[in-house]
Every structure is written in C-alpha cells, then in structure tokens.
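First subunit A sits with subunit B, and in the next complex the same chain sits with subunit C.
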Partner chain A sequence: MNAPLLSVRGLAKHFPIKGGQVKAVDGVSFEVAAGETVALVGESGCGKSTTGRMLLRLTEPSAGTISFDGVDLLGLGRTDLRRRRRELQIVFQDPYSSLSPRNRVEDIIAEPLDVHGLCASREQRRDRVIELLRLVGLDAIHLRRHPFEFSGGQRQRIAIARALAPQPRLIVADEPVSALDVSVQAQVVNLMQDLQEKFGLAYVFISHDLAVVRHIAHRVAVMYLGRLVEMGSTETLFAAPHHPYTQALLSAAPVADPERRRTRIVLSGDVPSPANAPSGCHFHPRCPVAQAVCRESVPELRDMGNGHMAACHFGKPFPISV
Partner chain B sequence: MNVPINKLTMIGTGLSALLILLAAFSPWLAPLDPLDQSFIAANQGPTAEHWFGTDSFGRDVLSRVLFGGRISLAIGILAPVLSALAGVWAGMLAGYLGGWTDRVLSRASDLLMSFPTLLLGVMIAAALGPSFQSAVIAIAVALFPRFVRLSRSATQVVRREPFIDASIAAGRGHLSIMLHHVLPNIAGPLVVALSLWIATAIRLEAALSFLGLGAQPPTPSWGNMIRDGMSDLVGDPWPAAFAGAAITLAVLAFNMVGDALRDLLDPETAA
Partner chain C sequence: MSLLEVTDLAVHLFTNRGVVRAVDGVSFSLDAGRSLGIVGESGCGKTMTALSLMRLIPEPPARIVSGSIRFDGEDVVTMSSPRLRALRGNQIGMIYQDPMTSLNPVFTVGEQIAEAVRLHRHDTRNAAWARAVEVLRLVGIPDPDRVASAYPHQLSGGMRQRVVIGMALACDPKLLVADEPTTALDVTIQAQILELLRRLQGELGTGIILITHDLGVIADLVDDVVVMYAGKLVEHAPVRRLFAAPRHPYTQGLLRSVPSLETREHRLLTIDGTVPPAHAMPNGCRFNPRCALVRDICHEQEPPLVDAGGGTQVACWALT
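Then we have the complex of A and B:
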C-alpha cells in the first residue's frame, strides 16, 4: 500500500471536569488510504464522534498527531488550516440542524465554493451547484428552496453535495444515516458508495449500525471507552472477531434470518463512565474471559495476523457458534 | 413568496408608517407654528381652529403633537437602533467566542442591568446635561445590556448547531460565520425585541422629557407636553391627553410591527 492519505497517531481528547478529566478519546491510532472507507463503530459515548470531529479540528485534540497527505494538520496555523479544510469535509448525523434554515439550497451548497473563491462568476457558481445537485440525485428545480421544504433523506443529499463541493479527498461521515428511515438509509449509503467510486473519496464512516458498516466499510475500527479495541478488514473482523467486546457487539446485531441460531453474548453491567474508567483494559469488568492481568495492564493493539489488530491480552478468535 | 397579510400586521405597520410620516412632514402638515403663543387662546378645548385645543400658553396642541413626534420618534427609534448595532455584536462575540470575552462583556452588561432602566437613563442624561443627544445616549446605554443578553443567549443556541460546524469545515472564518450564519438566525427575536424596545424607548424618552431631561422647552416633545399639561390637568387636560394618546399609539404600533416582522423573517411561516 502507498503512504496513507490520513494517518492518526495517539489521538486523545481529555475534557476537564470537576475533580478530574473525562478521557473521551484516549490514544487512538489508525490510517485511512485514499479511496478507502474506514468505519468507526462503538456504543454511544465511546468517543467515535469526538474522534471524527478532531480529524477536522472542529474539536481540538489534547494530544496526538493527525497527518493528512503528509501534512501535520495540528501544526497548521489558522489560515493554512482554513485552506486545508477544502480537502476534508464532514457530513453530520442530523440533516435537520446541519443545514442553516435561513439559506437557500444554492447558497448552502455553494458555501465552500464561496469561502475558497472557487467560482469566478455567478453563472459558474450556479452551474457547479446544479452539477452537484444532480450528482446527489436532486435537480436544478431545488436551487431556490429552503431546507425545510425537503425530507430527511433529501436534506442529507444536500449535506453530501455541500461536502463534495470543494472536491475533498476525505469525508468524515458522522452517523450519516442513523437519523433516516431505513428505506432511505440504503439509498444514501449507495449514493455515498457511488460517489466514492466516481471521485476516489476516502470515508471515515462513524456508525453504530453494524449492518450498514458491513455494507460500506473496507475496514472497521471498534472503539470502547475512548480506545480502539480492534481493527481489521470488514471481512475478517465480522468473520473472526478477536476482541471479546467485538464478539459481544457482533453477537448483539440482529440477523434477518429467524432460522439461524446463534449464541448471544450478553454483557453484564453498563458501559462505565469515561470519567471513571476501569484500570488496565477498560473492558475487563464486563469481559467474560478477563484474568488478573487485565485489571493491571493496558493491552496494546497487536497484530493478530494479516494486519488484523486487537487490543486483548489473550486475543484468540472466540468462536461464535452459528 | 407569499406573505401572509393579516389585519394586525397591516394596522401596526400602517400606523407606524403614518406616525413617522406625520412627524417627518410636520413642518408642512402642522396648521400653526408650534411655538406661537397666544394668551387670548390659552387653555382651550378642541375647536374648529384648534382641533386638539391649546395649552396654557395658547399654543396649538395639534401642531405641538406633530412636531413633538419628530423629537419623540427620532429619539425613540435612533437610540434603540444605535444600541442594537453595538449590543448585538457585543452579544454575538460573547456568545460565540465564550471564555474571557464572554466574561468581560457579560459582567459589564450585568453591571448596567443592575440599574433600573429609567434610573440609569436619568443618571446618564443628568450627567451629560439635558439635550436631544444626551437623551439618545442615555436611552441607548440603558437598552444596551438587554441587546447584549438577548443576542448572547440566542447566539449560544445557534453556535451549537451543526450547520456552524459545517461552515467551519467549509473553511469560513469566525467573524464571517457570525455575519452569515449567526446574525440571520438570531435576527428574528432581535427584530421583535428591537420594535418592542423602540416602544420602550418612546416611553423612556417621554419619561426623561417629563423629568426635564430630554429635549428642552419650548421645543415640544410628547414627554414635555405631558409635563407642561400636568400643571393644570383638571382645567385643561387636552395637551397631556393628546400627547399621551400619541405615545400610546406609537407604542402599540411598534409592538404590532414587531410581530409582523417576526413572521416575515421566518421563512417557514412566510411560505
């Protein structure tokens, strides 16, 4: 593989709270190649959205490095950062609040074009916006409308068109379909795949929906309480998860086959508060195979073969009976 | 765009416009010179010659109400507009940037808020010496913290909206975001507040003039007409009554304009 487009090392975000800090993200490292989709999955509050926001410096990281196309994003000054932002865009979860209600579709989509001075004339701007609208399955008749005149799925298409406008190389998609109806989810996911093929886009796809992730992602990174616990190609990760948390997560996903019997790994207890995370391996209080060592030392992500990484002291594929 | 036109909107906007036009064209509309005294015609009720009667100096009340409207409405509109220009930006900076900017601006406006509006206006007008300008400054300063607060809290809500993050991701700078995204999205409540506070400012101007701190006699303003009329409210209630009615109408009209503007500025209710 060539040098990755995006390379994240030891990324962390610690929010100060009364009497301590919340380690929302605690040393996350991963890479995204050009044209690749890496999914970040995990439960609510595991830090996946914060990680996504940090990639664009919408949230300033507490520690770590982000290298994009060989440039250290965290070392950029304000002006350089703004210029770089062309190449990294974001699509948010809620298509209702991510579009300014006062603007017309034309101006919403053209915002990145305006900011970076990418259009020489009003005609050129309009043509480009129409082109973008068509790319996402909308039309020129939608130009002068306001966001409230659209459905959730259409709004998400508008948000995707805006993200595409400055011709980015990577789009962070923060749960882009979780707020949509299931029937619309598939359309938007397929649209994103088409656009990836057409423009060689890389996606960091943040989601808790394993079915969607399995469909769109090339590689999957699983987060638990601010740390990556497992990362590997979608195929191997779904087929042979190494980390007990991933195994439990996968066993909890619904399968559309009533005939199929499987063992459901039911975890005891709730996700601990990140303000008071367990020692050693964050997962040990809920882990079915935890030993004394898990309480004491933090497992590093280790290569389990073929680049499949897991952060478990034991890390044998745990057979999920089928 | 289909603008919903209801009766209140029409009445309020029409009335405000009418009052402003009457005041603006008072030199051509007023039947008599508002400063002309006539002791023979003093303290008259409404007659064919003096529709609104005369005051204790025999001056024509109709002419004085028309001319007084120039002063009262000029102060009543100018002061809140100036106050809004400064206060809205201060509030946006505080609400958007947070941190020490917010602390400094919020404490400063809290300090001003701790005085009752009228008392603050009186103190400033008294310190600057009574005049048109000092009434404008006094009222503008008295309303300033209200604009700061409203704009700050509205900005804090908008600041958290994902479309602001989307705009940052698009590469827009913070001042530009305030201008392009925050201001239009907080404009609704601010415009409504502006028209309400124009109404408040008209009352404040009347109060300052009533206390002798606004435009100075013999120049008429609605407030000092009530002050003059107070001396003989039983014998000749007309100057105070018509000046008071003018204040009431103006306050009512601007309140109705506020509601109309709110509907117009919201694309959802406008469509």
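Then we have the complex of A and C:
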C-alpha cells in the first residue's frame, strides 16, 4: 500500500483549567489515504472538532505528530506552514458565520488564491472564481453578491468553492451539512462526492449524523471523550460494531421508518464532562457490559481482525438487538 | 369531540417587503391522548403553526388573519388574554428546542416548576415544591430532591430538557406542544428523551403535537403526520401510511433524500432547486418550480386538499 496522505500519531490537546486540565483529545492516531473519506464520529465534547482543527494547526496540539505527504506539519515554521496549508483546507458547519458578510462572493472565493499568490492577473482570478462557482453548481451571476443573498445550502457551496480554490489534496469538513435542511443536505453531500471523484480529494468528514457518514465515508473513526474507541471500514462498522458505545450510538439513531420502532439500547446517564473523565475506560459508567477491569485500566485500540480496531477489554461484537 | 381542531388557519407576516403568508389555510385535528407530528423544512411554517396554537406568535409583524383553533371546544383565536393565560402552561404545555433559553438562570429548577404550579393551581408553597419534586421524578431525573435545588447551569443538556418537559407537565396539561424537543441534543440523549415522551404519553394520556424537521423522530413517536411546505399543508396521513406510501411529490422527495443507516446508495436523491423566498411565492401550487409532475394547472390554481385513500389527504393536482 502507498504511504498515506495524512498520518496522525498520538495526537493530543490538553486545555489547562483551574485545578487541572481538560483532555479534549487524548492520544488519537489514524491515517487518511489520497482520495479517501475518513469520518470522525461522536457526540458533543468527544474531541472530533478539536482533532479536525489540529490537522490544520488552527489549534496547536499538545502532543503527537501529524505527517502530511511525508512532511511533519508540527515541525514547520509559519511561512512553511502557510505554504503547506494550500493543500489542506477546511469547511465549517455554519455557513452563516464562516463567510464574511461584507465581502462579495468573488473576493471570498478568491481569498486563498490571493494568499498563495496563485493568480497572475485580475482576469485570471475572475476566470478561476467563475470556474469554481460552476463546479459547485453556482454561476457567474453570483460573483458580485454578498453572502446574505444566498440560502444556507448555497452558502455552503460557496464555502466549498473557497476550500477548493487552491487545489487542496485534503479537506477537513466539520459538520458541513448539519445546519442544512434534508433535501439541501443531500445536494451538498452529492456535490462533495462528485468533487472527490473529479479531483481525487481526501476528506476528513466530522459529523454526528451516522446516516450521512454511512453514505459518504470509506472508513469511520468513533470518538468518545477524547479517545478513539473504534475504527474500521464503513461496511464493517455499521454491520458489526465491536465497541458497546458504537453499538449504542447506532441503535440510538432515529430511523425514518415507523415499522422499525426498535427496542433500543438506551444508554443511561449523560456524556461525562471531559474535565472530569471517568477512570480506566471512559465509557465504563454507561456501559452495559462493564466489569471491574474497565474501571482500572484503559483499553488499547487493537486489531479485531481485518484491520478493524476497537478499544474494549471485551473485544467481541455482541449482537445488536434490532 | 377532538381535543384540538384547527380549521383553515392563516398567519400572515406584515413586513416592509410585503405580506408573507407564513401559514396559509392549514387544517388538522388531534384527539385526546393522540400524537401528531408537523414536519417540514426551514421556513415551511411549522413553528408559526405551533406558536399560533397558544397565540404566542409575535404580533406584530405576525397576525392570525383567518381560521379557528378550537381547544376543548373554545376558540383560541378570539379568546381573552386572561383566559389565554389560564390556558397556557396549565391546559397546554410547551417544550422548545433549546432548554437553556426556556429556563431562567437565576432561579433553581424547583422554584421555576413550583411557580407554574402555584400560579395555576393556587397550591401552597410547600405543596407546589412537592409537586415540582414529583414531576422531576416522573421525567426520570435521579435524586429529584437534590436536583430541584439546582440551577439550570449545573445540569447537562439532557437533564435540562427533562426539567423543561417536567415543567410543561406539572399542571397535567391535556396537550403538550413540543417544538424540536430533541434537535439540540446528542443522539444517545435524544433517544432517552424520545423514550421519555413515549412513556409519558402512555402513562398520562397527554395529547402531543411534535414539530420537527427530522423524519426519524417523526417515525419514532407520532400517530399521524402533517407535512408542510412553504406555508401550506401538502399531505396529512397516518404515520405508517406516510412512510410506506407517500403521495405528494414533495413528501416523496423528502423521504428519498434521507440517507439510510442500512443501505448505501451510490447517490442520494435530491429535490431540485430550493424553497422559494417567502415574499416571492409562485402562483398556484407553491411546489411547482421544483416538481417533476408539474402541469399547466399547477401554475394557475392552488390544489385543494383531497382524500387519497388509506387515511391520506393530499394537495396535488397530479393526484386529483
């Protein structure tokens, strides 16, 4: 197998707080191949967005390494980092706050082109912006407009066009369709897939929506309180989840089918605060199969066969009750 | 007799850019102890409809311009303010999306629930507090005596939403209106709240109106569904019927565009185009610019709601 495009090892982010620290991300390792979509999945506070931001060093990691195309991103100085960021772009959840309201669409999309000096002339810049608008299903007539003149779905298309502008190889998409209505969500998901096929883009797709992830991702990494608890191919993870948290998460997702009002695995309790994470396996206070060992030692992420990884002391998939 | 009967409700917004027909001729009814879901995308009028049920729409710019809302035989539209106040929070409970904004940060949750109880039932301070603890227990809060003395910021999002549900139920309402009650919550917490609403409905026999954009939540909880698009009711059906045999092209498109947890299609199906802007609605059927079955009459006249068999009512010229 070729060397992965992105390789993350032992990535951590610890925020200091009064009387201790919050381990927002605590030793996360994964790889993304060129042209691949890896989804980071989990609930609020699991560290998925912080992980995404660290990949671009928008948040500086406390520990770990990030290797992109063989280059250690954490070792780069400011100028080299900026140059590298041309190949690493990000799309945020809320298209209402990620686009400057005072700028026109042309300047919004051209910003990365200007930053990296990719256009020699105004004509070339405009042509490139028009090309990008068409790529995302918009048109030259939108050049002179401001963000408020667009719907949520169109704004997210503009954000995607901006991310595409410097011809990146990897896009971190942080909940890119979560703020959109379902019919528009489908349009944007399709667009992202088309663009991937066309340009061989890799995505780190951060989402809490399992159905969207099932559709778009090649591989899925599930996070809980700053740690990876399971990682594997989308097919395996959805068909035979190994970790009890993944099983509960899948079982809890509402399904648009009234014939299937299931007996769910309803987890008791809330997600604990990362400032006060439980000992051992973070999941043990809510886990239906927890034993004494789970309170004491942290389970390592280990291979369950076929490269499917799970961090559970009891590595067997138990049958999900449907 | 129905617990709630909404007939030909129209809510207009009077703005600088013209009149917006936010809710336009919507009718539905709910029997005691039943649940009805109102589903649709942003701007379809579902929240305006819900707020109208208790006359909580912002006036101005909004105004109920026609129609009636009969709750337990009385018309809410023409009701006096004192009578409305007696109804709100007492006979009709309300749950909103964001539990943090529906709770007052400077009072304990017990005080807030007890206040509603004292106001409507004229209980003593002690009796109202006891009732607050009782409803906290009812909504599955562990250690309710202690939690009653907690402030909202000391509770998690899921706990806060339980408190809000408890507050809404404190006076034994006949009807609970829940506007996106689980949208702000994580999926494992959402599952807990849906389970709770289902259990409470079974135990207390409260009628529920659930407003949501999430078809999964609809499929999970309600008996009947109203689908709204751009201020119009486009389809009204029993829940199983709606998912098994959707009739309106919009409902069909909406259901098709939901990605499935079980299977993986090569592409998601979409509905072309976007919802038209509120102040520039097309003539005739408001869905016509996005509809595959569009014909001449769709541009000229609004389709009436007609019976389509199996308990389904649908507003579409192609099916008339």
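Here, the second predicted complex is superposed on the first by the 317 of 322 C-alpha atoms of A that agree within 3 Å, B and C clash if a C-alpha of one lies under 4 Å from a C-alpha of the other, contacts with A are read in each partner's own complex, and residues count from 1 in each chain.
The definition used in the following text is that a residue touches a chain if its C-beta (ideal position, glycine included) is under 8 Å from a C-beta of that chain, and two chains touch if they have at least 3 such contacts.
Computed from a prediction, not measured in an experiment: that's the story for all the values here.
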Partner chain(s) touched by A:Arg82 [first = subunit B, second = subunit C, both, neither]
first
Check: Touch check for A:Ile109: first (subunit B), second (subunit C), both, or neither?
Finding: neither
Partner chain in contact with A:Val229 - subunit B first, subunit C second, else both or neither: neither
Does subunit B (first) or subunit C (second) touch A:Val189, or do both, or does neither?
second
Winner on subunit A touched-residue count between subunit B and subunit C: chain C
**Asked** Touching A:His215 in the superposition: subunit B (first), subunit C (second), both, neither?
**Response** second
Touch check for A:Val255: first (subunit B), second (subunit C), both, or neither?
-> second
Contact-wise, after the overlay, does A:Ala39 reach subunit B, subunit C, both or neither (first, second, both, neither)?
neither
Look at A:Leu6 in the shared chain and tell me whether it touches subunit B only, subunit C only, both, or neither; answer first, second, both or neither. neither
* Asked: Can A:Val266 be said to touch subunit B (first), subunit C (second), both, or neither?
  -> second
Dual-contact residues of subunit A (subunit B, subunit C) none
Note: in the complex, subunit B contacts subunit A through residues 161-163, 165-173, 176, 181, 184-185, 267-268, 271
Touching subunit B in the complex, subunit A uses residues 53, 56, 58, 78, 82-83, 85-86, 88-90, 92-94, 97-103, 111-112, 115-116, 146, 148-149, 159, 162, 166
Listed in rising order, subunit C residues that touch subunit A in their complex are 41-42, 156-159, 186-192, 194-195, 213-220, 239-240, 243-244, 253-255, 257-261, 264-265, 267-271, 274-275
Per the touch rule above, subunit A residues touching subunit C in the complex are 43-44, 151-154, 181-187, 189-190, 193, 208, 210-212, 214-215, 234, 238, 248-261, 264, 266-268, 270-271
